[in-house]
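Same chain, two partners: chain A is paired with chain B first, then with chain C.
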Partner chain A sequence: MTDVHHIQVPLWYLPLLVLIPAAVAAGVVPWLGRRARTRVVPEKDPDWSIPPLADSHGQGISLIHRWDVRCKIVTMLAYSFAIASLRHLSAAAAALCVSLVVLLAAKVSFHKVLLRVFALAGFLGMLLVVMPLTVPVHPGDTILVFGSLDWLNVNLRGVVLAATIAAKAMAIALLMEPLLSTAPLPVTLHGLSRLGVPDMAGQMVLLSYRYLHVFTHEARRMTAGMQARGFEKKTNMATLRALANFLGMIFVRSFERTERVFDAMQARGYNGRFPDPGHLQIQWLDILQTGVWVAAGTALVLFDYVKV
Partner chain B sequence: MGDRPADRHTTSTFHGTNVSRSHGACPEPGGLAPLFCVQNLWYAYPDGIQALSGVDLDILPGDRMALVGQNGSGKTTLIKLLSGLLAPAQGTVCFKGRALTGDHLDESRLGIGVLFQDPDDQLFGHTVMDDVAFGPGNQGKSRKTAILYARQALHQVNLEHLAYKEPHNLSYGQKKRAALAGILAMQPGVLILDEPTANLDPGQEAVFLDLLKGFAGTLICISHDLIFLYELCEKAVVLHKGGIHHKYTMRELVSRRSSLRDHGLDFSFRLCTPANGVHAHEEDKKNGSETRSNEYAKILAEPSAHPSLVRLEKYRYVYPDGTPGLQDFSLDIHEGEKMAIVGENGAGKSTLLACLCGLRQGRGTLFFGGTPVTRKRYKNLWRRVGLVFQDCADQLFCASVQEEMLFGLRRLGLSSDECRHRAADTLARVGLAGFENRVPLHLSGGERKRLALGCVLAMDPDLLILDEPTAGLDPRGEELLMAILETFDKTLLLVSHDLFFIEKLTHRTLVMHQGRVIGDLPTPVFMQDDKLCNLNGLSFSYRQRTTTAIQKLQHEHEHRHPHLHIHDHPHHHGRTVHTHPHEHLHDHPHRFVHTHPGGQKNHDHANRLVHDHAHPGHDAEPHDHSHE
Partner chain C sequence: MHISDGVLPIAVTIGGYAVSAGIAAWSARRIHSRDLPKVAVVTSAFFVASLIHIPFGPTSAHLLLPGLAGALLGPAAFLSISLGLFLQSILFQFGGITALGANAVMMGVPAVICGWFFQYFKGRTKARQAFTGGLAGALGTFLSAVFLAGLLMTGGEDFFGVAKIALIAHVPVIVIEGVVSGFTIGFLARVKPALLQPVRSFHD
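Take a look at the complex of A and B:
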C-alpha cells in the first residue's frame, strides 16, 4: 500500500488549471447550445420526392445506411455495453475516436450531433468539476494542493475518473446518431419489432414522435395567445392559476386529438398493426459489418483489460 | 368506383318537403338499391347529448350530397355513423344492403374514405408517403403497390414533390391535400368530407374543388360554404337538432332563403359584394365604393384628425432558421383607419401581426402613437393592440367564459368592479350575455370566435387586429361577427382572404408578397384589380360564377303587377268572421323570389300569376267575393 502523494503547486496555477477551463466551458456550452438550436435553411431545398436517406440509385448514402437495421441495433447496443464496461481513460478515448470516425463515415447531420453533445455537455461538465474535488482519497492517489489553500484538494484520480466517464458517455451518445438517423424511424421501429419488442411500443413511439411536434406548435400558439393578453410569468398565484389552466387545456385538447386520430386511423382500416414499412433481409455484407463491429468492441475490451 | 349517373337524380325523390318516410323502406323509388340505408337512427354521446334522433336517409350510388345545418345539428355524428366509427344507439346503418357491423364493417371501411376537418388528425405517418401508403397497406396491398398508389394520389393533389417530407413541416393547405391523398390512394367508392375547405385560401380551395368535381364515386360533404357546395353537390340534406328537416336538390336549397335563414345558413348577405360581378345592386355598390373611397381620402387629407397610430420604417424580421419574414417593410396606419392585409400563404401577414402586437421583435423602427417602440415598450404593446387569432381556440384557455373575459382585464390593472362591468357589457355586445358560466371549450365555433373577440374588445384596444375572422364560421356566425365589427369605431386591421368582409369593413387594402408590400390602395380600387387578386392566390372565378348563378336563383325584388292570391285566413263579411281558402286578384307591390334573365334585361312576371307572399292586414280588408 502506497501513501497519498501531495503535490504543492503555486496558487497562480489555480486559474490556469481550473478557472480558465471553467471559463472556456462557460463560453463553449452556450455557444454549442445556440448552434444546436439554430437551424440553418439549406440554400437548396432537398428533393423530397425521394426517400431522404437514399441516393438517386435507391442505395444508402453510407455503409451504415445500408446495414440491416436489426443487425445495426443489436450490434451497436452490444458495442455500447462494451464501451460502458471500459475502465481506463486511454481505452475510453480510443472508443471516442472510433465514434468520431463512425460519425464521419455515416455522414450524419452535424446539427443533430451538436444537439446531442449539448444535451450531455452540462452534465459531463459538472462531473468534471465536481469529481476531482469529491472522490474519496485512496492510497496511491495524487492530490494537487494550491498554495496555502489546504481545503482545495484536487484528486488527479478523480480527474481521470471523470474524464473516463465523460469519454465513454460521449462515445456512446455519438453512436446514437448513426444508430437512429441512418434509417427512417418506422424502419428502425420495425426492426425492433422483429427483434421482439412489442408492436404497440413501436407504434406509440412513432405516434409520439409525430404528435410531439403538433402539441409543441399548439402550446406555442396558446402561449402567444396568453401573451397577447398580457400574460407574464411571475411568482404569484395568478401565474400559477394561468399556467394550470394552460396545462389543463393542453391536456384536454391532446386527449380529444388522440380520439380523433384514432378515428382517422380506424377509418383507413387500422386493425391494430401498421403496415410493414419494408421487407428486411440480412445479406452477407450485413454480417461482415457486424463482424467488424464485434471485432472493434472486443479489441477495445482487450486493450482495456491489458492495461490492468 | 362506379360512374356517376348525373341525371339519375330527380327532384321527385328530393324536394322541399319535411321528411316522413316510413321505416324499413330501403329500396329507392326507381328500383335502384341505396348504397347507404339509414333507418330510424338515434345516437346520444356518453355525456347525454342527443346528437341524432330518428334519422332516415337513403344515399344512392353516385349521389353527390351536401349535409348542411347549424353547428351542433348532428352532421359530424351522422358521418361517423355512416363510416362505422360510431355504433348506433338505436336503428340501423346499412351499407350495400348489410348492417355496418363486424366483418362487413372492416371491409366497408376500406372502401369509404373519410376526410376529417383537421388534417393533423389524419396525418399520423412519419412522412407524407408513409401516411398516404397507410390505407393501401391496410387494404392488403404489398409495400411496392401501396407506394405506387400513394404516388398516384400524391400526383393528383400535386404533392408528389413532397412525398418524403415530414407532415409537421408542411403548410396547412399542403397538409389538407396530403390528407385527401391518403383517402384517394385507397380508391374509395365513397368519399365523406367534413368541412374540406375550412381555413383554406381560395387558391387551395380551387385545387380541392377540381379534385372533388373529378371524383367519380359517391360524395357526401359537410360544409357551411354553400357557394363552394353549389356546383359540387346535387342533393342537400338539412339537419336540425339531430333530425333531418329537409331533403332538397342543391338548387332548391340555395333558392329558398327562408329555409336557409331558419337553419342559420343564409349566406345571401354575401351576394351583394362588388367583387362578384353581379349587378343586381349596382347602385348600392357604386354608392358603397364611393363612400369608402371618400373615407380613405378624408383620412389622408386630415392628418391632424387622424394622426399616425402605427408606423413601420424599413422593418425587417428574420426567423431563427434564417427564413425572411418581413423585408424592408414600411407602413403607416392612421387612427380610425379600417385596413385589410391580403397575400398568399407565407406572404408574411402573420409575422407582421405578431410584430405589431409585440409577440415578435424585428429590426427597424416601429412607432406606436407617435413614439418609438423600445424593447421595454414592446412588452406593453398588448395594452393597446388587440389580436384575435385565426383559430380562436388558441387564445381560450380558462375554465369559464367569465374567467376568460376577466383574464386580460385583470392584467390591465383595473378594479374588480370595472372588470366585471366591462366583461358584462362586452358579453352583451358580442351576443354572449348569459354565457358567463359556460366552458369556452364547449361553445360552438361561432360563439368561441365572438368570445375571443369579446375578450379583446373588453380591453378597449386602440388597434384591433383580426386574423382570418371568418375561418370556420357558419353564415349566421359570419353575419353576427359582421354586425359587431361594423360598430367598432377605432383602428381595424383585417387579415383575410374573404373579399366580402374586406369590401364591407375596410377602406384601404395592403397587398403583401414575400414579406414586402406590393400594393397599397383604396379597397374599391383593389377590388377592381384582377392582377393583384390573382397574384395573391385570391382566385375567385369559381365563387364569382357560382354567386351569379345563386343570385339568379334567389333574385328577389319588388314588383307591382296583378296577381292572384290563394288565402286561408279569417276575414270579415259584415259582422261575420270566418275562414276558408279563397283566391282573388290584386294589383299591389310585393317581393318574391324568382329567376332572373340576368344583367339589366327587362323581365315580366305574367307567367307567375299566383304568388304566395305575406299580406299584412289583408284579413281585415273588405271582400267582394261571394260565399256559400
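Take a look at the complex of A and C:
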C-alpha cells in the first residue's frame, strides 16, 4: 500500500470512459432540468418560478406528515449533520438508500424532488470533473493513464472522494422535500420558534417568502415591458446598463413597497407577532419515530467509524 | 456559487452556524426591531434580482449582489443575505442546509465590508458614487470568491484544486458584477438618492 499504482489504459478508452459519459451528462441533465420546470415565460431566460412549499399533495397521508413538527425539524437536521460527517463511500451510499426509502414513504411530489436534484447537479458535476484531475497523489493511490497522454492522470481516489460528496449531498437534498413540504411553511416556522429560534426570524422568512412571489411577478411585468420596447439580451455594455437600471428599479419599488406593507400591517394591528398557526403536541408515536431516525443516524456514523 | 451539503468538514459547518448566528445577532441589533419586516421585504427584491441572468458570450451568469446589498442596507445586509440564502436553500436547493452557516459568512461578511467601503468612499458627486458602487460590487464578489476558496481549502489539500478553479471561475463574474453594480448605483443616485444614505433608508 505504499507505492502509487499506475494503470495504463489504451487511448481509445478515453472517449468510452470519460468523454461520452461527460457529453451525455452535459446534454441530458440540463435538458431534463428544462423539461422538469413548467415554463411560464416565453423567453430564453431560465424560468425561476418560485416553487411552492407544501402543496396539498398527499397532505396528512404519510407518517412524516403526521410527525410533530418540532421533532421532525430537530431529528432531520441532526440526521443531516450525521450524514454530512460521513467519510466513506459505502456509508454515504447507504445513507442515500435510506433517503430514497424515506422519499417513497413520505409521498411528496416527485417533480419537486427532481428540481432539487437538478439544482445540485451543476456543483456536484463540477466536483466530479475537477477532483479526479486535481487531487494530489498519495502513496497507495491508483491512477489511470490514458495511452501516451501522460498529462491526463485520473486519480481514482479523487473519483471516490467526489462520489462520496455527491452521495452525501444527494442523501441530504432528498430529505429536504419530506422535511419542508409535509407541513405548511407557517407551521414549520412555528415549530422552529417553539424550538428557541427568535420569533422575528420566522416572521422575516414568512414575509420575504410571500413578497418573493410579488417581486417575481413585478420583474416579469418589467421584462415584458422591456421586450415590448425591443430589448434583447446581448453581451455588450448596453445590455449591462439596461439590466442595471432594471435592478435599480426593482430596488426603488421594493423600498417604497416596504413602507406601504408596514403601514398596512400596523393598520391590521401588527404588534411584532403573527398569530400562531395551531397547537402542537408531542405524542408517543412522534418520539418513537424520532427514535428510529436517531438509531439510523447512529448506525450510519458507527458504520463509517468502524470502517477504516 | 453556493457550497452544497457534504463538502465541508463537519466542524467547519457547525462553526459557520455559530459565527453567522453571532454576526446576525449583531446585525439585527444595529437596526430598529420595527424595521426587521422591511429588511425581509427588501430581501425578496434582492432574491429576485439575483435570479436575473446576464448574458456572457455563449453562456450566462447570475449576479451574487453582496456589494449592492451592503451599499444599500449597511449592517442589515448580513441579516438580509442570510435570509436570502436560507430561502434559496429551502426553495431551490442552492447551497445545502448543513452548509448554510458557512454560506452566510461567505456572502454576508463581504457585504458588510462593502457597505463600509461604499459609505466611506462614496463622496458627493453622482459619478463618484457610481464608480465607488462599481468598485464595491466587484470587491464584494471578489471577497466572496476568496471566502469560498478558503472554506473549500478547510477540507484539506484534496480540495486545493477545486478552490483554485472556483476562484478562476469567479473572475468574469467579478467584472460583470462590478459594471452592473456601478450602473445600478448610478441609477439610484439619480432616481432615489435617499437609498444610498447610511442605513437611513428605513428611517425617513
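Just so it is clear, the second predicted complex is superposed on the first by the 278 of 308 C-alpha atoms of A that agree within 3 Å, B and C clash if a C-alpha of one lies under 4 Å from a C-alpha of the other, contacts with A are read in each partner's own complex, and residues count from 1 in each chain.
Operating definition for what follows: contacts are C-beta pairs under 8 Å (C-beta built on N, C-alpha and C of every residue); 3 or more make two chains touch, one makes a residue touch a chain.
The model shown is predicted, which means the values in this text are computed figures rather than measured ones.
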Touching partner for A:277 - first (chain B), second (chain C), both, neither: first
First, second, both or neither for A:251, with chain B first and chain C second: second
First, second, both or neither for A:85, with chain B first and chain C second: second
Which of chain B and chain C A:200 touches, first, second, both or neither: second
If touched residues of chain A are counted for chain B and for chain C, the larger one: C
Which of chain B and chain C A:184 touches, first, second, both or neither: first
Which of chain B and chain C A:265 touches, first, second, both or neither: both
Partner chain in contact with A:208 - chain B first, chain C second, else both or neither: second
Touched partner set for A:66, first chain B, second chain C, both or neither: neither
First, second, both or neither for A:228, with chain B first and chain C second: first
Set of chain A residues, in rising order, touched by both chain B and chain C: 48, 50-51, 207, 209-211, 214, 218, 245-246, 248-249, 252-253, 257, 261, 265
Chain A-touching residues of chain C, taken from the complex the two chains share: 1-8, 10, 13-14, 28, 33, 36-49, 51-57, 63, 68, 72, 79, 83-84, 86-87, 90-94, 96-98, 157-158, 160-162, 164-165, 176, 179-184, 186-188, 191-192, 195, 201-202
Residues on chain A engaged by chain C in the complex (per definition of touch): 45-46, 48, 50-51, 53, 77, 80-81, 83-86, 92, 115-117, 119-120, 123-124, 126-127, 130-131, 133-136, 158, 161, 164-169, 171-173, 176, 180, 200, 203-205, 207-212, 214-216, 218-219, 233-235, 237, 239-241, 243-255, 257-259, 261-262, 265, 272
Partner chain A, residues of chain B touching it in the complex: 80, 83, 85, 106, 109-110, 112-114, 116, 118, 120-127, 129-130, 133-135, 137-139, 143, 146, 160-168, 182-183, 186, 320-323, 354, 357-359, 379, 382-383, 386-387, 389, 391, 393-399, 403, 407-408, 410-412, 441, 455-456, 459
Chain A to chain B touching residues, read off their complex: 37-41, 47-52, 184-186, 206-207, 209-211, 213-214, 217-218, 221-222, 224-232, 238, 242, 245-246, 248-249, 252-253, 257, 260-261, 263-271, 274-279
